[in-house]
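Each remark here refers to the structure printed beneath this line.
Here the chain labels run A, B, C, D and E in written order, and each chain numbers its own residues starting at 1.
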Amino acid sequence: MTERVKEIISWYESDNPGTRMNIARLLNHGRLGGTGKLVILPVDQGFEHGPARSFAPNPPGYDPEYHFQLAIDAGCNAYAAPLGFIEAGADKFLDSIPLILKLNNHDSLHDEKDPLSSVTSSVDDALRLGCVAVGFTIYPGSSAAQIMYEQLREIAKEAKSKGLAVVVWSYPRGSDISKAGETAIDVVAYAAQIAAQMGAHIIKVKLPSDHLELAEAKKAYEKYEVPIRTPAERVRHVVQSSFNNKRIVIFSGGAAKGDEEFFDEVRAIRDGGGFGSIIGRNSFQRVHEDAHKFLDTVMGIYEGKIP
Amino acid sequence: MTERVKEIISWYESDNPGTRMNIARLLNHGRLGGTGKLVILPVDQGFEHGPARSFAPNPPGYDPEYHFQLAIDAGCNAYAAPLGFIEAGADKFLDSIPLILKLNNHDSLHDEKDPLSSVTSSVDDALRLGCVAVGFTIYPGSSAAQIMYEQLREIAKEAKSKGLAVVVWSYPRGSDISKAGETAIDVVAYAAQIAAQMGAHIIKVKLPSDHLELAEAKKAYEKYEVPIRTPAERVRHVVQSSFNNKRIVIFSGGAAKGDEEFFDEVRAIRDGGGFGSIIGRNSFQRVHEDAHKFLDTVMGIYEGKIP
Amino acid sequence: MTERVKEIISWYESDNPGTRMNIARLLNHGRLGGTGKLVILPVDQGFEHGPARSFAPNPPGYDPEYHFQLAIDAGCNAYAAPLGFIEAGADKFLDSIPLILKLNNHDSLHDEKDPLSSVTSSVDDALRLGCVAVGFTIYPGSSAAQIMYEQLREIAKEAKSKGLAVVVWSYPRGSDISKAGETAIDVVAYAAQIAAQMGAHIIKVKLPSDHLELAEAKKAYEKYEVPIRTPAERVRHVVQSSFNNKRIVIFSGGAAKGDEEFFDEVRAIRDGGGFGSIIGRNSFQRVHEDAHKFLDTVMGIYEGKIP
Amino acid sequence: MTERVKEIISWYESDNPGTRMNIARLLNHGRLGGTGKLVILPVDQGFEHGPARSFAPNPPGYDPEYHFQLAIDAGCNAYAAPLGFIEAGADKFLDSIPLILKLNNHDSLHDEKDPLSSVTSSVDDALRLGCVAVGFTIYPGSSAAQIMYEQLREIAKEAKSKGLAVVVWSYPRGSDISKAGETAIDVVAYAAQIAAQMGAHIIKVKLPSDHLELAEAKKAYEKYEVPIRTPAERVRHVVQSSFNNKRIVIFSGGAAKGDEEFFDEVRAIRDGGGFGSIIGRNSFQRVHEDAHKFLDTVMGIYEGKIP
Amino acid sequence: MTERVKEIISWYESDNPGTRMNIARLLNHGRLGGTGKLVILPVDQGFEHGPARSFAPNPPGYDPEYHFQLAIDAGCNAYAAPLGFIEAGADKFLDSIPLILKLNNHDSLHDEKDPLSSVTSSVDDALRLGCVAVGFTIYPGSSAAQIMYEQLREIAKEAKSKGLAVVVWSYPRGSDISKAGETAIDVVAYAAQIAAQMGAHIIKVKLPSDHLELAEAKKAYEKYEVPIRTPAERVRHVVQSSFNNKRIVIFSGGAAKGDEEFFDEVRAIRDGGGFGSIIGRNSFQRVHEDAHKFLDTVMGIYEGKIP
């Protein structure tokens, strides 16, 4: 194990060896293995946005095996998906790529101001499918947040006792938060803090903007001149807000955009001390070759081979 | 076992031998046994619509034994019904026809915009009655969908661990979906995807129309020119949306209609790569002889003996 | 055991010997024992309507022992009551009369459009008190029906596994049903069907009127000319709607009325193929001697000794 | 054991010896021991009304030990209080006075039209603290009554199986009941009946007024000329409504009032066949000596030594 | 053990030796060890107010290890925090400082009139992390108070059976309480009483003002001339309201304010018989040296070395 991975694992001092081993497996797998950086392929858009919106741009993606193969070919650290997609390849791709079972999901057929994800699989499902971690989404700011927090508590407790790692998607949403507020720096840093306080090993947040949403927080940012002007500074603040850089925080890029713009975001994550990216639509909605090349560049940036 | 059945079973690689055997029993039983096609007789209309609406057209149908016999005589792959109907014949027709216990039901005495089915029996009931599978309805789009998803998760987990197959009726309904939207191609494909992601082995949806309901989805269908003009194309898209044809998807015909119209629908299912039909009112509301003849034609179409 | 009782028991083929024995005990006890007909004394009005409304007309009825004795003296098949009343005599009248523990109850101190009964005792209470069956009320049509259906499912599953019979009071009520609709023939037949589908061994409904409540059902009754003009025809339709006469269906008479009118209703139940009556206020609100004589006539009608 | 206590215990024929022994301990303890009459000291006002309203009138009452001592000194049959108060003296006053653990409580900091008490301790707490009984409040008439009934069912079932007695405070309240209705004779008798039907061993109600609240009940009281003119007649009617005097029914006096008025109420309870009093504020809000003397008079009335 | 600690422990007579030992560990640790006084460092503001509002004033506080060290250096009796912060240092600072795991938390991203905290960790988490106590917040006055009371009951029962102490933060809030009412003397004393009645070993309330919020309580305070004019008198009344000084009651200071003002509050707590302080923002938002000095003065006041 590299010194960096040893260091990262040392932060999870309260966990049992099983969980620590599974965090290490995530950090040691794939092209970035051992660097302490991660690129994860998540494919839950079929559930979240529907099949055609997700896979019509690159129809091989309708096939669950495609995504296992893409994650393997591109050298990702892990592949994350809901129950059905994982069940459909866990045996065929046995031990080829660390798997993260996404335990809750939300579809777009019903629109709620204060969303609540449905728990669609379990820690025991993750175990029987050979996963290294469970994934769980919380929506801080939703009036249903308490339900999701308490579901997460139960799941995290069970996962930790059974030697799995816990990955939390922390996405602020709800009737008290503006659209801009969902990616506001104060809100994203707060969302990362909540996930960390709830015991997440790996935290996934959106790349934040320089917007400040909460009046009380705004005062503090201004009074103490917290540096949040550049994307890298904001990444640094989010990572600092996650136990002073002692929790693995990765960032998602959201909807497809221009490649250069995307690579700049990756540079910001790298330069701000972020731990990596979770890249869904920007990879699997391209044809396989393009996706491979695209992820190659992303990993090159994280490796520092591409400035 | 035929090669086709072996192929289908291979898609369910994460399941235990007990569950895989029960899926095989469904595929191997009856006149279409071994072809990979299924025709299932479901009789839950007594609960869903009331007894007279369901059985007055053919009064022998008031008797639970009638439907077992009809399914056997017509050579169906399986018979699906709620607890009471299954209890009333499971012993008499022991091992004569694979049984699917329908675990939840909804009646028409209370009208809700966002429906929630009641769980009316259990996985253990299915076991004590010798069933090969449990059936469960979800209403994606209902504000109560989360409740049903979480019930399904528990039931599917238990059924799989106890060696049963899981059949999901995925019927979009609810306050955010128009009447036309309930059978819109984008919505039906989405409903099939959700069922597949939740781990269903067999998915039952309605035959879709060419309507597009969801604004975001519409853009994708148009941009990527997804072929959805003919019924067969739409069937093909729904099956593709179910893990690229790697899940068993069967279609229901809805209310009684002209026979030729119905047979054309069956041809579309066959030609679009669908796995079969689930035919309730169109069969049991006819007198026995007519129903037999009607199902004979349906199966002939699936066999390809009738063009 | 008489041939008729053997025949009736044969319909419950999926049940274990314990449950079948308890159904037989109900059918074999009392004056109508062996005929396949039942008269049951239910006394839950103290809870449902309050003590003075229930017992002031015949004050000995305040005493729980009175009702045990009345049921025994009159030769009823069984006595049904809530926990407190059963606890207060189960030991004294040990093995003198089959007991049905009513597991849920509703009081009149709070008025709801969509009623929900409270579960007030349990299957294990029924066992420790030596009962042959549990009783449970559902209100199909109530917005709370799903809660009661799911409670019934749990209770029925437990009762059946522990060798008890399940008696379901199926009383349509709720905001979508008119007052007349509560006893409409289509609604009562539907309520009986729901109870049967949920696995009830014995179904209790109200004697239906010729009103048709549900628009879709009305069409079917008219198109197929279902005979529902006379009380006996309506009883026949309800029994047919209960698995083609293969479930025990008994009828309640409701509030006290003229004796002759009541006896005519009993004749209709008998002539329509109903299985008997459950008679509360019409018996225990009379002085003991009158009640005895009244029930004597009722049983004479069921025996056919009184035309 | 006196004949009277033996007679009372005989009414609880369905209970196990452990529970019957604990009912006997309540009846045999203190100055009224063996007479079949009870005076119980309840101190839950600290939770229900707050500390200063409860204890400022007699500040030693802030101390939990004070109330144990008062109940012992005055020769009460039992002392009833919430978890904290019982925990604070159960060991010190070991076996000196039968204890009733009050399992639910309601505070006055939030005002609801339809109140719901919070369950604040458990049957197992009662066991570990050496109590003879659990106490539980229901508010018949509240829209939350069903919740409390179902909590009571679970608690009563557990308590009975573990050999404890069950004391039910049955206090009608809620949006459908007028202020006067809360102590109306028809409503109080109904509340006693509900508690009895739910399996309570000891029922606590408020002393009723001659008001009639419920229209349907009013008709019955008038038609059958139920005697409810004097307080003693109303007590008699409530006791009759509790299984014809076969359940222990005790009465609370409510807020402090003139002593003579209070003693007259006690005489009415005695003369009407009530089983005793539960006296809180009227005792512990006096200085110890006065309280002692006051309770001395009350017990003298119950003994019949004071006319 | 000092006599004072022995005396305090004697009040918890109903607890098992494990729990009593853990209360003693809290009382015996740190600079005030053995005096019966406590100063506890709580750091849950990251969850409650967000990271920047909490830690930007003193950025080393972003690091979870910082707070363990601060509590140790300052000689606090214990350190209290949510799951994530405790997990991040429990092993490194093994046995250096008693730990209190805060089991529920509330964030500021969603604003509710009647707040409900989320349960974010469990008694078993406290055990696996080596804590001496669990902490739990209730909001008496919230319409969600019943939920929190029942959560507390379950948690307290489990914690006591497993040998842990129970610390309750009792903070009145909700739609029926005015802003001033949240710290009104009658309301704070009531909140302390509720926590004590629910079985809390240690009660944390806010330092009360002389406002009287509740009309009924106001009458009692005025009639019985309860002394509440000075801060020390109010502390005395709160402690009296907590079982006549027989429960450990500590006070929080709220938002940062002038040091002298703060020290005067500490003097009032000391002089009124309070057991100590729980000091969060006033300590960890200062640089380490200042915080150390600040807490040094606070402890000096409690020791009586500073008048």
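Following the convention adopted for this analysis, contacts are C-beta pairs under 8 Å (C-beta built on N, C-alpha and C of every residue); 3 or more make two chains touch, one makes a residue touch a chain.
None of the values given here were measured: they were computed from a predicted structure.
Under the contact definition stated at the top, the chains bordering both subunit A and subunit D are E.
In this assembly, the C-alpha centroid of subunit C lies 36 Å from the C-alpha centroid of subunit D.
Our note on geometry: subunit A versus subunit C, Cα centroid distance of 58 Å, whole angstroms.
Among all residues of subunit D, none touch two or more other chains. Beginning the circuit at subunit D and passing next to subunit E, one meets the chains as D, E, A, B, C, using touch as defined.
Put simply, subunit A touches subunit B in their complex at residues 46-47, 49-53, 55-57, 59-60, 62-64, 66, 82-92, 105, 107-112, 116-122, 124-125, 128-129. For subunit D in complex with subunit C, the touching residues are 11-15, 114, 140-143, 145-146, 149-150, 153, 157, 172, 174-177, 186-187, 189-194, 196-200, 214, 216-217, 219-221, 223-224, 226, 237, 240-241, 243-244, 246.
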